[in-house]
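Structures follow.
Below are two complexes that have chain A in common, paired first with chain B and then with chain C.
Entry: the complex of A and B
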């Protein structure tokens, strides 16, 4: 079996076509790594600079009334995750910044996709793109003749007559091809790792090492199952041509048609609410109370009466706190609660839409590696939602601090301002991307799908091979 | 000519017998129908969403009428009243959705500064947008070439591999007629499918009867012809079926996947767009500085631009709405240059792609179909300009109330201007695309025929 593996490995390397294709793929991989790195750096710098600018502006505000500051607000910029230079996931299609202000939650705006025409819809040149779509093609070209060619030239009979079992031949071929593929992919991943860990910005990162390790491992499984699958198809099909056409057809179905079809189907099955409708509903519920219970003016009146009672006074002027600030704080809490519910509903809808595609991953390995890869790279939908929620949590705490400041100003606060140094004591937005341990449970389905594929194919496929009368 | 038809009908019988190919065509027909179904339902959904917006505005007005039962200060109304600038799709959008799912098709507007409202996005599922739209244009641009490849990768090679070609060419038939008849038959099948799907799509989407129908058919025909030209070149090389399949798929990969993604990178690098976020940050700075600046300073800057309101009363109050809206507008004006630069930058990117799309007929076909349907970036920029003009109209409507201190009554809500914008096709772009496709078709066929002439068909 070792000699078969060695033979396949050596003859593959001697094959001129393979050499051309693999040099091409390797060049694309290296180019994608470098381009990914460059765009990562530019975007990261832009966002960092912008975040520093708005932070600076926030701290250097003149004396203002706290509610003015709440409307002045701040911006949260989404930093890119370290591995997003390998797989940018949904990053180009999500906004990059969100304006944080009192009373409302704004959309995350200015996505890359809006800044280019429909060209971006053809797909982006990233390392993940090469690994997910092009390397499988390379594998198909490499392996489609694994058995058919031996049969067409009559060497298979010779081989079997020497007492080697079909299963051993198949394994030998799989091992040989795996080595050849590893030779193509490894340099690019090594370069990526060097780029990632060679610079000081990523110096700290057991998390990053873990993510990269699993990233490499998942792709290894992905390639392995393609190799096994191609060898099995080659063994089952009558001619090289039939094997090639079958494999290419499967590739087109799995990598081009199914992902798009399931994403579209998901969106049709679980329609999402528009922002306009959602904002209107939120406003309605915040004003008139959830389900029409306790509308805002009633809540405010009750709050004011409670304050008067608590401090044992008969008019607003005698209160030590500003009623405006307290009412503001209560209504912010109420509306944030309403917003939270609607956002949770919306994200649940999106997750249902995406789930459909994840389940299809059980049928189509491309739809298993894609979510897994971007999940590990920290550029999937879940990571994006994590950022959205962190931005909202910061917005809420900032606004409530400002409301508390207003409340402490006492009666007649609207005529007064707070000192400029007040703003320097407020915390700034600092985003911490979630660790690997947070991401992994969310990726269980694709992991299971990929492992099922690898194990199932090796087991069933090889049984199929050894049971068939090939020679 | 008789021989040509004989070969043609032989191909037909052969095709009918080959179950796999018939199945493939049927599958493509079904995916095409799904594409049309998806595109029309998606546009229908957008239309339906757009019809709910006037209802939202009406509810908002009802609420304001309760909140301000008597005559009100127009400043309050302008602050709390929301209305929408809407971008209605053209009927053709259903066949080529373009960027309609990435760019918002409505903008919620209040009387406040425009620049921090104009770029708000709608709720979108990024995973879905990443996967893209399964519309008829996708089927035509991505999948039809694959069908053409599947039908013609073994045009002669299979006959050679099965030993039939020697027999065939031993007859008094020229090899040109053989290749011609085989190609013509496949062309008939593919174009038949493409036209059938296109016509079904047009009927389903209820497009208006105009010249665009011809343009659409012309674009899809030329695009299919281009791929047949590529198949002709590969056939003329006279290699094995496996080689042909790999090479043709390689060309497909190059033109449909690699060139577009590399071009995208190149264009982004060659035409850097000023960060849109910069302008919103600057506008916020301007607007909020408005609170802290002396009121007369703000008003004098405003009056210099709108002298018709100069004779209004000097502001002595701590707060008055006309001053508030004046500095809101000044905030917009302060970033007018950045806003124009942002829009221009996007347009320049688009223009550069249009110049370079000769590199890949796939990009050319896709952007021409989008241009025809009015679903690409230029249409969105037009919509943004239209929304800006609407915001101007709103200001013009409210200013007399604010500056002349006219009370805003319940009857005045109905007088407020409304907005509507419907996508206009970018016919010039589509026609230019048609011309460039013709050029590509001419190129591949010339190369194929030259190759065939240089190396006559070898039966073995």
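Entry: the complex of A and C
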């Protein structure tokens, strides 16, 4: 087997067609890595600067009433994950910043796609794009003649007459092709690793090492699948032409048609409400709670009566707390609860859509590697939702803290202000991306799908090859 | 008697063709058996059945007492094969091709030994380190011969092995077969070349439409008589 692997490796390296293709793919990979790094640097610096600026502006507000500060608000900018330089996932299409203010749960806005030309609809030239779409094409062109060419030229008979089995020949070819593919992909991944761990801009650590390790391992399995699949197709097809057409057909089906069809099916089966509809629904339901800005609100009056009773006083002036602050706090709690319910429903819909695609990963390895790659890179929808939730949790705690400050000001708070120094005591938004341990359980299905494919295809494919009479 | 090659009622039938009908054949060690016949007579089918490349419809082929269908890998330890048109890996040199095929057969030769095999097969020294893609058919055939010889097999299965060789190389090949035969190697050779068959063969078998119609010891016939016999069968 080693001899056949070595023969395939050497023959492949000496094949000018492969050399041209692999140099092209390697150049694309290296370019995508460097472009990814440049994009990461730019965006990260922009977001960091913007976050520092808004934090600075927030902390240096003049003496103000706390509720004014709550409406002045702040921004949360989503930092990019280190591995997003390899796979930007949904990052380009999801927003980058969210305005945090009282009574309102704003959506994350200003995605790269919004600010880019229409070409971004065709996808970005990321390392993940090259690894997921183009390297399989390279593998197809490399392996389609694995058996058919041997059969067509007659070398297979001579090979088998030496006493090797078809299974050994197949494994030798798989190992040889794997080495050739590794030679193309490894430099780009090594460059990415050097950038990630050799420069200070990335927060390297065990988590990043783990994510990168699994990222590389996942793609190794993915490429292995394509190599085994191509070798098997080559073994069972009658001619090189038929093998190439079959493999290209499978590539188009798996990498283009099925993902689109699944996305459309998901959107049809699990329709998501629009942003406008959700805002309207939240607004309508929030009306059932206390309106902190409406002094005539009956529920506010009831709350005030409860406070008077609680503190054993007969007028608002004698209360140790500001009724307005308590009302604001209650109003915020209610509207946040309403929003969270709607947000959870919307996310559940998106989750169902994504889950459908994940399940299709059992049929299509491309739809298994894609969520796995994004998940490990920290650029998938789950990581985005994690940021959204963290931003909302911060917004809620900040606003409630300001409401508590208002409440503590007592009667007549609206006529007074709190010292500018107060705002410097408030915590700033500091986002901590979730660790690998958080992401892995969410990626279990794609991992299982890839492993099932690897085991199943190897077993069934090699069985098919063994049982075929090729000579 | 221990036959190194044996066919018992060996039959191969394709959906629209009877390729071999009830072949019975025994070949002893050191014997050179030449199969003569027109294209489609069943010569290559017989060789492919002994190699286990195709399954018999009925009957059985044996190599060194082992049934081919039941021991497809084991029997190849005893066999070396040279096809009519030896195809090698074009991106490897002649030397690398020989090293590859020898290692697959379980032989790890030093470079000097490999060069020796190629030299004895008649490959020019300047060609051994050139890629096979630049070789002529005759040069590839010589590498094929080197591969077969380097395997030290008990049986050589040759399917038109001298096709593409120049007269000098053909003659050298005949001498090589005679030498191997003397060392106990059995040879089953399919050929159109009646004179070569007479020259190197110990027995000749004439095949027609999948049937072995006659077997004669070559010592009992001269070349003209063999040719006459062959033509008689072909015209009948």
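Everything that follows uses one rule, which is that the second predicted complex is superposed on the first by the 458 of 471 C-alpha atoms of A that agree within 3 Å, B and C clash if a C-alpha of one lies under 4 Å from a C-alpha of the other, contacts with A are read in each partner's own complex, and residues count from 1 in each chain.
Everything below uses one rule, namely that a contact is a pair of C-beta atoms (placed from the backbone, for glycine too) under 8 Å apart; a residue touches a chain by one contact, two chains touch by 3 or more.
In this text, all values refer to a predicted model and were calculated from it rather than measured experimentally.
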Which superposed partner A:313 touches (first chain B, second chain C, both, neither): neither
Which of chain B and chain C A:72 touches, first, second, both or neither: first
Contacts of A:97 with chain B and chain C, given as first, second, both or neither: first
Which partner, chain B or chain C, touches more chain A residues: B
First, second, both or neither for A:460, with chain B first and chain C second: neither
Touching partner for A:444 - first (chain B), second (chain C), both, neither: neither
Which of chain B and chain C A:354 touches, first, second, both or neither: first
Touched partner set for A:160, first chain B, second chain C, both or neither: second
Footprint overlap on chain A, comparing chain B with chain C: none
Parts of chain A lying in touch with chain C, wherever the complex brings them together: 3-4, 6-7, 10-11, 14-15, 153-155, 157-165, 469, 471
Complex contact set, residues of chain A against chain B: 17, 28, 35, 39, 46, 50, 53-54, 57, 62, 64, 68, 71-73, 75, 77, 89-90, 92-97, 99, 106-111, 113-125, 129, 133-134, 137, 141, 144-145, 240-241, 244-245, 248-249, 252, 256-257, 259-264, 266-268, 271-280, 284, 287, 346, 350, 353-354, 357, 380-381, 384, 415
Residue numbers on chain C that touch chain A, as the complex places them: 48, 51, 53-55, 72-73, 76-77, 79-81, 83, 85-89, 91-92, 96, 100-101, 103-106, 131, 144, 147, 151, 157
Footprint of chain A on chain B - complex, ascending: 31, 34, 38, 41, 45, 49, 52-53, 56, 59-60, 63, 84, 98-99, 102-103, 106, 108, 116, 119-134, 138, 142-143, 146, 150, 154, 158, 161, 241-242, 245-246, 249, 253, 256-258, 260-265, 267-268, 273, 275-278, 280-281, 284-285, 288, 291-292, 318, 346, 349-350, 353, 362-363, 366-367, 370, 375-377
